[in-house]
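Per-chain residue numbering starts at 1, and chain names A, B, C, D and E are given in the order in which the chains are listed.
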Amino acid sequence: MQSFIDGLIASGVFGGLPAEAIYPAMMFLFASIVVFGFVLPLVTITIWLERRVWSRIQSRVGPNRVGPQGVLQGLADGVKNILKEDVVPDAADRPLFVFAPYLLVWGFLATFVVIPFSSALVIADLNVGILYIVAIVALSAVGVLMAGWASNNKWSLLGGIRSAAQVVSYEIPAGLALLPVVLLTGTLSTQGIIQAQGWAPWDWFLFHSPFTFIAAFAFYISALAETNRTPFDIPEAESELVAGFATEYSGFRFALFFLAEWGSLYVTGAIMAVLFLGGWQIPTGWTNNTVVLNIAQLTVFFLKAYFWVFLAMWIRATLPRIRVDQMMSLCWKYLVPLGFVNLVGTAVWMVIWPEGNTFVPYLMVVGTLALLVIFFRRVLYHLRRAKPELYFNPAI
Amino acid sequence: MSLAGYEFEVQRDDGLATEEMTLNMGPQHPSTHGVLRFVVKADGEIMRTALPDIGYLHRSIEKISEKVGYHGFMPYTDRVDYVSAMQCNQGWAMVCERAAGIEVPRRGEFCRVIACELGRIASHLLSVGTMVMDIGGMTPFTHAIREREKVNNLLEDLCGARLTFNYMRIGGVAWDLPPGYTEQVTAFLDQFEPLIDEYNDLISYNKIYVERLANVAAVSKEEAINYNLVGPNLRGCGFQYDVRRDEPYSIYPELDFEVPVGTGEVGTLGDCFDRYMVRIKELKESCKIVRQCLEMIPDGPVLARVAKKLKPPVGDAHVRVEASRGDMGWYVVSDGSEFPYRTKIRTGSFSAMSIVDKLSRGLMIADLIALIASLDVVAPEVDR
Amino acid sequence: MDMTLPAVNWLSVLPTLLLSVTGMLALFWDIWMKDDERSLLGWLSLTGIVVTALCSWLLWGQNDVESFSGMFALDAYAVFFHLVFCLVAGLTVLMSLTYLETAEIRHGEYYALILFATVGMTVMAAATDLILIFLGLETMSIAVYVLAGIWRQHLTSHEAALKYFLLGAFASGFLLYGIALIYGATGSVQLGPIAEHVGAQGSSPLLLIGMGLLIVGFGFKVAAVPFHVWTPDVYQGSPTTVTAFMAVGVKAAAFAAFARIFLHTLGAVHTDWQGILWVVAALTMTVGNITALVQHNIKRMLAYSSIAHAGYLLVAMVAGKELGGAALMYYLVAYGLMNLGAFGVVVAVGRKGEPHEELDDYAGLGFRHPALGMAMTVFMLSLTGVPPLVGFTGKFYIFSAAVQAGYIWLAIIGVLNSVVSAYYYIRVVVNMYMREGEAIVELPSLRSALGAAILIAAIGTVLMGVFPSASMSWAGASFLSLG
Amino acid sequence: MVPTSYHLILSGILFTIGVTGVLLRRNIIIIFMSIELMLNAVNLSFVALARHFGNMDGQIIVFFVMSVAAAEVAVGLAIILLVFRGRETVNVDELNLMRW
Amino acid sequence: MDFVTFFALAIPLVVVAVMVIAHPSPVYSALFLVMTLFLLAVYFLFLNAHMVAALQIIVYAGAIMVLFLFVIMLLNLQSDTLRTQRHGLGRVAIIGGVILLAELGLLLQGSSSELAESSLPENFGTVEALGSQLFTKYLLPFEITGILLLVAVVGAVVLAKR
């Protein structure tokens, strides 16, 4: 990024402007491009996808009016929300109430800084990349607490408190699940982690050893909890807490909460792809064109990320919500010990096979494929057993 | 603050509130199944008390009966429990018939039972669907509602209404079954019965769902009887009592059906899961009853001849029907005029509310939701 | 990345390790234990402490073992303090065996926390690195904060925990800032390099402020005036056994680190800090003793008495050199024995729900329970400094060290203070023998663990007073091992 | 470049603000937060000094200080909760069960 | 770090730090403290302490401050006023603070010449540097930290459970 701007300065595009002024301006410009050109469409698409996937599972149709297949529904919702009155309750703590949604949105936007979309497309390849994400996610808990408290509504407060407890607790298993990968690569940089993997499934860390396999799912579960997704949607459980910390929000600020929620869902998928699925890795040697290569990498990365996003949607449509105490016991009694087991197991694995076992990854890939086949056969069986009206009908 | 006879400590306003939090759950809250209010005192997530505050949906239905006459009251009974209005219809019809000594034609009785059991299926589908939704599962609700819509279609074919049926009349039912109705209903049942198993596959034995419901708010048999729980809530405690079987009315004695009870299969006997499971099992029993009725239904009139201005002799009458939410008592006092002197409706949801406070102590807020859902409280039935 | 582990000498951390393992065992055993056999946990802890003491004893003389990149020393000084801590913890556990039942305190965590606090103390005594000392101090402090508040039924205990915690954390802030400035002044946090630097370059402004802040930090821990305000409330509110542990163990550990840093590491610049300590010592003795005169609650009185004793100990610090150091260590043992004994008697007099902590409750105790009265008399006289008890010899060594080092006025203030202190100590004795009190229905049989603790303390008080030279020379040798 | 003494002075200012907070406020939680501010001021010193000496010791000490702070916060907040449950106050001036 | 950056960070730092102790509402105090800690993390970045900066945010801003906010909100604490006239502590504090600062400033001014920049080793402040030191030279403190945290966990549970 900086070298790019340096290049522009050197080429004299800005005339004689001082570099101190150019850097912030360019950063601002770049941030705006990222937000409006990339994140907003990303989030609206994710929301649309979620609603479509969800309604299919629920034998409904879902949004299909705005644009082809209803793709533009998110845009319509966004416009609607912006036009709506932005109510700030009288009894609310105004500054905090107004500020909280921005903090949340900032929290997830900031994570985009270290997500590498392709071998070239990364805003900053920090040497503490993964740690940076953990830190930013941790900070977002403050935003939720602020929103909950500032609303001056007990449901909001309960939601905020639940959310904070959840995020703080699940940071630990999430962090522990990251560690096997960090241990294997010896780096915290996201690009470094991707470069340590290959394009083929057996080169992914997901299939590196049984421990990383478990770690991947432990991380995924923790990430679901940190982003308040079902079955961990306790902070905004509509049947209990109305809408949790977002109860008093309306209009644009409410839309910001949505933005943050679905944005972090994508971030979760992206981190999973980076850590365990080889990120943007594709077979090399078939093209020398950097642009084509990067587009291919971008596509692969998006597919991998959206696999996890899709899984989260599926889970949301399938599972009920767990209770607060069960959420805590899952974290402390199962995921945290499991995290330690994974960490130690990976370390032992590395001592025994410093270059990685050659056989186990293939075995695990085959096993996973077999499991998938069995699973989809069951899905097909159920589809066949159900009545014709339940069949997937792409026409509507 | 005094509320429904309970004294509340108003939260201190001297700048330092107590750790105990008073929460108003309702009257407008997503999971109170109508306009109910619970005053919850919670210490963090743990509830100290949850006092139900009722009356937000009181419409003086009993009083209205004194002004609209026996026939005219029938549409109002739909509003007693609008989730399963058929049994309310039946209760009012039966109590008037008993007071006035009217005999219902046999085909009419069959029509009534078919309608009531279809209504029960609809009601239980809504109950279990919303229960899962309250627990947080969204998909089972839509699946249940999908089937409920089909039942509503059938009932619409029968009486032209989908929710407040006004189907029954004193002395029988308003209309005979429409042509081809048997086939329609059979087709629905053929399609629906396997879906009950699918429903179990889908959610009932889901690990999270079971964890949320098992051992939560278990009611013992004695407690259930002391607190006057009825219907599925009573049977959920393992007490096999069903008005249709134990104090038979209409043509129920001729029908063959089981009375499912709670078994405590995943936790304590009488917990939320048992109450839920009883409803699932009753869906099957209702299907069975409807099938039998469709086979056995005789020809003949469906409505006895009843005077337009019904004037039952001086006296009173009481009947009990097994409504979807349990034993529903109908009592009417006649002074010989064309208007009832006094009507009294005793509903299952009302008594179920009384045990909420006892059960909720020490539960978590999320459990209260499961508890209310498992008691299947319907606000209009509580308040009438 | 080259990762070469430092030389690890397991012997040097053996006492720490043993105590930690015992603590964890106690925690784990507690999970599976039936309610009525919980006192076994006390015996487990005691076993652990005794084994640790034996090991420490065997480690005597293993001087100059370099371990953990020079952060942990196994010199005789450390071993001496390990033994002191084992003695304190052991006696506390013995007292607790009876006390926890009457006070209805949960056993498992209690013993584990006592053991972990002792771990912290051993680290403080043996560490030769400021940051390790800080960590040890925090381990000890946090365990003791919790112990102070562990009496959940009593609001006073909550309050004690809170006051101790707030002021303790406040003091840690100062201590840490002192460490930071010393790091800034010398470029290291290890005592060896600091000593070298100080020896070579003398003091600097940063070092001066750092030392001042360290004195503030340690002053809070040893309850020196003007950092003593928390002491009475915390001592009064905490469970009695914890108070005893706090009064003796925490103070000893703080002095162990305090003396190691100031007498040894910063010895080269002793002129810079002796003045401040002189004033603090004089103030501490005077304020402690004078305030103690008006107290009616025996725990509160002992709290002020412990402030006063911190003053005597500070006199030894001011005196410095071998004699001062040895006197400090000797007096710490002496103070530990007599104070633990006195608190043991307080525990014995207390009943379930009725602590009997007022002075009036001791009226007539000498007649109703001669053994207990006798023991209390011994401890009180020793605390006053009456020959031939240990309190006397201790004070004798301290004041003679002060005189030898040229601090005659300080010694005079100390002696005067001892005279003043006689009033309130003797008052207890007078109360026990010369007043008729309401009969306290029953006193516990002294054939219990508590009795054993009091007996051990009493015997120690008498024996060490009568034969001081052996222990004194031992303390001297230990102090010299600092090199 | 800024001399290290600037960092130390800033750290001193923050530390003093923390101390002032401890002495001036009477809400226990704010007192506690002021203590955290003090610890952070010290951390600033350590990091600045680590930069100054060019060795990692200072930064590692900060790591330990953070652990200590976390431990203190856990216990401290538990104690505050305990006191609050018993007394329903977090005002230090009201904590006077024993003679001060 | 140049002077512009220093003052750009130092002045807001002092301002928010003052707000921590000056704001009447505990929630605002806590949020100002979060800001202080965040600014400090940025400050650390400029002092080549990347790992410490990340830890600062994770541990302090993310965990410790969330706990604070959690408790403040759980106890539903309202605003309070500044302590007045209690043993004259206020004046003592301010006078003491000013003296301390003045002393520190004077002393440092005298010694600032001896504290000159020195060239930094490679990978100074990175995860690798911190980690390798932590597991070699600082092994024992690291282990003691384990016991410290165990004590804290046990203690917090003992005190907070009912």
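We take it that a contact is a pair of C-beta atoms (placed from the backbone, for glycine too) under 8 Å apart; a residue touches a chain by one contact, two chains touch by 3 or more.
Because the structure is a prediction, the values reported are computed rather than measured.
The minimal number of chain-to-chain contact steps leading from chain A to chain C is 2.
Taking the CA centroid of chain B as reference, the farthest chain centroid is that of C.
Among the pairs C-E and A-E, the greater number of C-beta contacts is found at C-E. Taking the mean of the C-alpha atoms as each chain's centre, chain A and chain E sit 31 Å apart. Rounded to whole angstrom, the centroid-to-centroid distance between chain C and chain D, based on C-alpha atoms, equals 26 Å. Distance between chain B and chain E, defined via averaged C-alpha coordinates, is recorded as 60 Å. Averaged C-alpha coordinates put the centre of chain A at 35 Å from the centre of chain D. Counting partners per residue, chain C has 1, 131, 135, 138, 142, 145-146, 149, 152, 161, 184 as the residues that reach two or more other chains. Among the residues of chain A, none is in touch with two or more other chains.
Contacts with at least two other chains are made by residues 4, 8, 18-19, 32, 52-53, 55, 57, 64, 68, 71-72, 75, 78-80, 82, 84-85, 90 of chain D. Of all the residues in chain A, the ones that touch chain B in their complex are 54, 57-60, 154-155, 158, 162, 230-231, 233-234, 237-242, 316-326, 382, 385-387. Only residues 131, 134-135, 138, 142, 145-146, 149, 152, 155-156, 158-163, 165-166, 169-170, 172-173, 176-177, 179-181, 183-184, 187-189, 229, 232-233, 236-237, 300 of chain C touch chain D when the two sit together in their complex.
Of all residues in chain E, only 27-28, 31, 34, 38, 50-51, 54-55, 57-58, 61-63, 65-67, 69-70, 73-74, 126-127 touch chain A in the complex they form. On chain D, the positions that touch chain C within their shared complex are 4, 8, 11, 15, 18-19, 22, 28, 31-32, 35, 38-39, 41-42, 45-46, 49, 52-53, 55, 57-58, 61, 64-65, 68, 71-72, 75-76, 78-80, 82-83, 86-87, 92, 95, 97-100.
Chain contact summary for the complex, chain B toward chain A: residues 21, 23-24, 29-31, 45, 132-139, 142-143, 146, 191, 194, 198, 203, 206, 208-209, 211-212, 364-367, 369.
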